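What follows is a set of structures for review.
After this come two complexes, each holding chain A, first together with chain B and then together with chain C.
This part shows the complex of A and B:
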């Protein structure tokens, strides 16, 4: 498979687009016609060939443009990337995990040569070639976590594990669904989850934390999460709400198919070897409703899910204002036919 | 839990009671690295029993060429350590789990003070290697009854900042003295008998140490006891747990899977709901809180036992 990288933007003129192949491999998150908040964890141990679950760190046609968008966001706001001093070892662990995985999974794009601690990294899509000494930060232009996450799609939270809890002590966050690393840095699992409605009562979080604390090396886990975003914007951060918040008001019955995107997060969880930290990559995928309904099953199902979603969830996910427009649009693509189980087309 | 078949590369007695085992990949592939304080679970096919015991890794966490453990022979114990001492020799293949760490260093600490009693030295051996590599200040205090008992001495070979306290020689460890005068931001780690852990906790409380700066790991070994009966409600079976068997092992022998990780009452994985209990649960774990223990509504099958008429658990 030779990847063609799109030349596209995630801001201003929003030229982001999905190819026909990218539409078909979209990680549609609903396996049935209704949605209930749950932790829905499964082993991250591959998936159908070509799907975003196939490789450890999925690289797709948006890679180069996404990395360019990250650069813009970081230049405007360096606090999107933070690592508390005790997290440097975890940063090296993460760098190793990503470099080894990418070089093994995409040998035509990435190469890693290792001679003891002397490493040689080649990233062809981004035109990077670098020799450095593993565990010696003076041989990298920036910290190890920042270095590697400037070359990997998706946000990254790196969680320290101690006192039976997880702590958001490092991260690279430029494509988030309305949360702030600068606000959450140093918080524990319960503190950073505090705004989710209802779930607390269900004890969902206690169970999720217990699960995450027990993630083992070599046995990563994954789950999908979703929300809705107006325009294909990666940086929907609270810091920049003034830029993207008002765009919600630009949706009309005429443009909703083009302007409204389903935003899916592929979250994975990895135990890191030397630091015992937990890496939590949050990979974001965007698809316009117009593209999504080209898969009839997805059009039908998304209509049913959004139509029947409890109000507080639509509020929490931030699309309550546009829900009527979205549901109206999708209803035109729902003939009432039954849908097959599972998430694939 | 994922495990791999490893070859016993070396067996070396350190003292009459303690033996070191080294494991390597049969095809000399590199093993996953780990963090100081991690343990592995070794599977021991002992006649018709499959034993699984957790042992701290004592080798360099950043060296993937092999894993090393030190096993103390417990003749009154359940036989796992006896199996290692008498049945295992170089060249044998044993299944060894991925490393798991329930006793990790707090990397925020400005300084690490480690206090070991007897065989409790083992988790510190890998931590020392990690700390000297990271160039973080530390000191280790190692208490043992006699030099013959102090297996760690041979493994500490030349390590810096190590203080040995041999009680037979009149050199007892003074916990208060160790803890007082430590710089702000010091963390203390204790591994050894319950009494030692309690002693450190008391002294730290007296000196006003923050709770979050104290870490401990008690020996991970299910205690033997009287046989007892337990009913696994979901599986619809009633079993007898033998005197040298844990409830978890008895369930496994009957083909019932209960999730586990440490097999030593520390991780919480095996927690099971008690549906009915006429008698007394012997809670041997370090996981359940006082309330859960007294209510007898939960049990940790990896270490806890029962005495009485009926015990029904949700498994």
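This part shows the complex of A and C:
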């Protein structure tokens, strides 16, 4: 398989697009015709060939452009990447995990040669070749977490584990669904989830935390989360809300299929070997409604899910204002036929 | 001054209990305005708490200095403002030994700021007690420009740094000692709801 990388943008003229193959491999998050919070964890142990679940860290046609978008965001706001002082070792753990995984899973794209602590890393899509000494920060141009997450799609939270809790003590966050690393850094699991409605009362976070605290090395887990985004924008940060907020009000019946995107997060959870920290990559996938409805099952199902979603969740996810337009559009693609169980087309 | 019952809210919104004496351990105490009354009640309950205490008092218009001083703490300092005593407070935090207890009392803004400094200095959370007295005005961090506006009493309010109109969230960062302010008219520039007094 040879990947062709798209030349596309996630801001301004928004030239982001999915190829026909990317549409079919989209991680559609709904396995039934309705949605409520749940601790929908499963082992991250591969998946159907070619799906985003197949490899440990999925690399797709958007890789190069996403990394360019991250660079723009970081140049505007370096606080999107922060690491508290005690998280340096976890950063090296993460660098190792990503480099080893990518080199093994995509040998045509990435190569890692290791001779003791002398490492030689080649990233062909981004044109990077670098020799450095593992665990010696003076041999990298920036911290280890920043170095490797500038070369890996998705946001990364690195969680310290202590006192029976997980602490958001480091992260690279440039494609977030409206939360601020700079504000939340240093918070524990319950604190950074504080603004989420309903789920605390449902006990979702207590159960999820218990599960995550017990994740073991070599046995990563995953779950899907989702929201709706107007325009294929990765940087839907609170920091820039006053810049992208007006775009949310530009959706019309005529353009909703093109402008409204389903935003899916593939979240994975990895125990790190030296630091005992938990790596929490949050990989973002975007698909326009008009592309999504080319898979009839997905069009039918998304219509039913969004039509029946409790108002509170639509509010929290930030699309209540556009919900009538979205549901109207999707209703034209729902003939009422039954849908098969599971997320695949 | 009566204590204020804060409405139940999300998990990051701070809650404050009454100060409890942890005996004659070394102590650093910071009282802002009506917070002095909390220290006086603390000492009434257990006079030994003042034996090794360093008290910093920021009157802010209140007049409890003489009564506080009469409690005979080991060190007593009155400061015209938080900014004026900041370096002294930081030095005291830096000099604090294992087991030093931190007692903070006052308005919501002073508590947040004092807590944030203490955590930055490495003070363990278990050694910090906070009691709310007086003002419910908030310290707000603008999520957009990152500037902190002190003494916010209305929702929405104007960021003192970038001028955006921000709504007042209950989401609170102990690290920053501030609540989060987010642009209220981001989606509809210029459409701003009428400002209301913040309620506890």
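Here is the rule we go by: the second predicted complex is superposed on the first by the 345 of 345 C-alpha atoms of A that agree within 3 Å, B and C clash if a C-alpha of one lies under 4 Å from a C-alpha of the other, contacts with A are read in each partner's own complex, and residues count from 1 in each chain.
Rule of thumb we're sticking to: a contact is a pair of C-beta atoms (placed from the backbone, for glycine too) under 8 Å apart; a residue touches a chain by one contact, two chains touch by 3 or more.
Because the structure is a prediction, the values reported are computed rather than measured.
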Looking at the overlay, does A:86 come into contact with chain B only (first), chain C only (second), both, or neither?
-> first
Taking the superposition as given, does A:276 touch the first partner, chain B, the second, chain C, both, or neither?
-> first
For A:332, select first, second, both or neither according to whether it touches chain B, chain C, the two together, or no partner.
-> neither
First, second, both or neither for A:219, with chain B first and chain C second | first
Partner, of chain C and chain B, that touches more residues belonging to chain A | C
So, does A:241 touch the first partner chain B, the second partner chain C, both, or neither?
-> second
For A:184, is the partner it touches chain B (first), chain C (second), both, or none of the two (neither)?
-> second
Which chain A residues qualify as touching chain C in the complex?
-> 79, 180, 182-187, 190-191, 193-195, 200, 238-242, 245-246, 248-249, 321
Enumerate the contact residues on chain A facing chain B in the complex.
-> 84-87, 89, 160-163, 210, 214, 216-219, 273-276
Chain A contact footprint on chain B (complex, rising order) = 1-2, 32-35, 38, 61-62, 98-101, 104, 106-108, 130, 134, 212, 261, 267-269
Going by the contact rule at the top, pick out the chain C residues touching chain A in the complex.
-> 10-13, 119, 141, 143-144, 146, 164, 169, 171, 173-176, 180, 182-183, 186-189
